[in-house]
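Below is one structure, written out as structure tokens, with a few remarks after it.
Naming follows writing order (A, B, C and D), and every chain is counted from residue 1.
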Amino acid sequence: MLPTTESAIGETPALIVVDAQDSESETDHPMRSDCGSIPGGREAIVDRINTVVEHARDADVPIVWGKELHRTDFADYGSELESCEPEHGAYGSAAERLDADLVVDEADLPPAEYVVEKRRYNFFHRTDIEHILSTYDVDTVILVGFMTNICVHYTAHGAHERDYAFRVVEEGTGAPTDRLHEIGLECIRYLQPRGLRNVEAVTEALDDYAGNPVVQRVKEEGKVTQETGAVPPTLAGKRPAETE
Amino acid sequence: MLPTTESAIGETPALIVVDAQDSESETDHPMRSDCGSIPGGREAIVDRINTVVEHARDADVPIVWGKELHRTDFADYGSELESCEPEHGAYGSAAERLDADLVVDEADLPPAEYVVEKRRYNFFHRTDIEHILSTYDVDTVILVGFMTNICVHYTAHGAHERDYAFRVVEEGTGAPTDRLHEIGLECIRYLQPRGLRNVEAVTEALDDYAGNPVVQRVKEEGKVTQETGAVPPTLAGKRPAETE
Amino acid sequence: MLPTTESAIGETPALIVVDAQDSESETDHPMRSDCGSIPGGREAIVDRINTVVEHARDADVPIVWGKELHRTDFADYGSELESCEPEHGAYGSAAERLDADLVVDEADLPPAEYVVEKRRYNFFHRTDIEHILSTYDVDTVILVGFMTNICVHYTAHGAHERDYAFRVVEEGTGAPTDRLHEIGLECIRYLQPRGLRNVEAVTEALDDYAGNPVVQRVKEEGKVTQETGAVPPTLAGKRPAETE
Amino acid sequence: MLPTTESAIGETPALIVVDAQDSESETDHPMRSDCGSIPGGREAIVDRINTVVEHARDADVPIVWGKELHRTDFADYGSELESCEPEHGAYGSAAERLDADLVVDEADLPPAEYVVEKRRYNFFHRTDIEHILSTYDVDTVILVGFMTNICVHYTAHGAHERDYAFRVVEEGTGAPTDRLHEIGLECIRYLQPRGLRNVEAVTEALDDYAGNPVVQRVKEEGKVTQETGAVPPTLAGKRPAETE
């Protein structure tokens, strides 16, 4: 879909919460950053993520909760072994859970909310997220979470090269240092200058949004469509006369 | 987009002409099949492709002309070297041109028509076709061309797994033997029973189609949008105040 | 890697067990097929899968256990709603478990064995399997499981178009009818004539295989490499001091 | 392949020359940057690219010459319309040619050198480059070209997330401003600290390299393999006895 709007949430948004995972400790770590970049640190950012989530939920916007996770033998780690990051995201560690302060219960997700696991920074890389976005006709992804310069930035890029618009919520993301946060924002702004917004602009636009009709169907009927089940299986040599 | 229609062309179709390339001779060859499967052979199929093309063109539907081509040193051939097919699609051979009997002049393509080169059977694999489909908001690909069981079938599958609907025009495709043609049709019918149609059903639905508005813009103005050029580059530390 | 061998397992194989999931009942169903195509039915096939697994395990070959699973609201179902198949693979159903007769305990996987979930027929589509194959330098995937014409066939095609060789174990796969089984085998044979083998040929070649050195490291040390953790951020003589 | 070396060129390198395309004028432009970031500007960088190319060519390393190009009606432009960049890379403009000062004749490419067109910043996105890299068993891409923070950086990231190592030649790339160049280098260094090298280190390692055996075969015999042509097509119901 060609870009058609300057709206703070695009035409048909989804919200992606990037790597807001739990941590073993409060120490500085790429995946459990103390977000020195943001006054109030990680806690303040999680508060803002919660604000955006609540507006998105009320506005009937689909929500994807993302986690970067890795097998403990590093079989899926690949070039991340070449990264400057320490080991992170192991199954069995605290990272397997979403941050306890988020307004969501993973064991009982609200309708039209999903957990998606990823292996690399970019949420679009070798995950099933595009199936979900396609179901909801999404043209724009709203991004919050960690870290500005890595998973948020490369997910914005992953959206960009697949012809989605994005809206990064500037105060809803952070990085361990001011400099890394600022580099992330500059890269994001270069990709889509309209793609960097603040909490106020995004929540106001969400409040004005008519709601995603497929989300509304899921909330009412429990399914994205009632037309499930098999199309008549005209197999084994039968002519497809009934398809005309 | 969830499937929403039983129409013979879907909601927003594009036409893909698969591997209707020229050949050195009339001999039987996977890429220059004599299409024993179809009474009248390749010539009859090309006639039908032309019919579908003309209706699609009149209906303001985007058209992609596909070619499978390979570098002459086989550097991009990979696992095709393991295939049962003989060498095919070399740059510099007749395969570099579209079939001379097609109603198109490659050197002067009509508006909203494109040539896309591919390396594997599946048109969606490592090509830029999805950028074009996204520009025109396409949800359904109409497929004609060669061969039923290989490039048409695996392109239908490539569309299927990316959540497009497809409509294969049954008499607009062929294979070297009846058996291969029939196997192709059975695979296609399994994937999407609604996805196998005939020329009459497809051309009638094209005649009733309101036309793709982006195609209409390209025909009138020469571009998919006039809003090209840079969004103001708010780089190098400037705050994105103008984005709110 | 260019094809270099006619060996029944390639140079550096991995074994993929496709969709051998548990079922609610014994009724005929694409995902819990009774495999009319094979004398002895599904049970006989599972026995043969177990044979291949045991030889692969002894030969230090990495093993991927695959499951096709879908969210119960169909948010990831997309074009499968257009398929001739009934609803299948729901989380919370029996399909969430591997077949109980397989020689594996999912809760306690042996070293260098992995469970990978997929959403479409083709195991390579939007999953992390290529990260695992890359870690083990795999050039050839050995395929067993269900069904011949769908998930086994389209996974073979997914491997093919990504330049892997494949080896489908003919009696280690099945389909609901003889005809579907035979169509699957013919498609597979067309893609890579060397890619269709029998249990005896594959297990003999596995018995002769020297073993994957990374599998051997995982069995001994628990990890694919001991060189994990951050690469010191010091390259080309320079320290990137400005990033701290 | 797991990272196994600190070598300035990896184990099995390919050289990718990113977007070193011709320009209409010398004005500052994302695609025809005057590279204010580098003393001597674009001309000095092209000289260094030529140096790296000549060492790679002598060392029997495959070379890919990349061009970002777009259809003049913007049908493949997608989210780039949301970028801060002005229109760029149109077919029919000077950008269709490689920079005239490069040591290559596009119309008569040396053996094992290729032109690949791309539509987005990241060279790995929807192009056929991975087929070529696979043919030559490449584990590491050496990157030179334009611009540091965009196409070089996002190609490095595209390599990274597909489990290739990369080596960016620091003085062989540039950007319109010092700041953009520096941001690009910082992002690159974060991804793979071992991935940022200088001309001297890379050319010395190339001089010591034994050469890619497939490149050597192409130089001697004109093809990546002589084993082309069809594997016996055991189709249409025949048993694959000969494959055992």
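By definition in this document, a contact is a pair of C-beta atoms (placed from the backbone, for glycine too) under 8 Å apart; a residue touches a chain by one contact, two chains touch by 3 or more.
Computed from a predicted structure; not experimentally measured.
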Inset, instruction - Taking all residue numbers used at the chain B/chain C interface, answer same if over half belong to both copies and different if under half do. - result: same
Legend entry - C-D compared against A-C, more contacting pairs: A-C
Inset, instruction - Would you mind pulling out the distance in Å between where the CA atoms of chain A average out and where those of chain C do? - result: 28
Legend entry - Inter-chain centre distance, chain C versus chain D - centres from mean C-alpha coordinates, in Å: 32
Inset, instruction - Note the residues in chain D that touch 2 or more other chains, in rising order. - result: 2-3, 78, 81-84, 130-131, 134-135, 162-163, 186, 189-190, 192-195, 224-225, 227, 231-236
Inset, instruction - Note which residues of chain C are touching chain B in the complex, please. - result: 2-3, 78-79, 81-84, 120-122, 125, 149-150, 154, 157, 159-165, 183, 186-187, 189-195
Inset, instruction - Quick one: which bits of chain C touch chain D in the complex? Just the residue numbers, please. - result: 1-3, 6, 8, 130-131, 134-135, 137, 162-163, 170, 182, 186, 189-190, 192-198, 201, 214, 224-225, 227, 231-236, 240, 242-243
Inset, instruction - Mind listing the chain A positions that touch chain C in their complex? - result: 62, 71-78, 81-87, 111-112, 114, 119, 126-128, 130-132, 134-136, 177, 179-180, 218, 222-225, 227-237
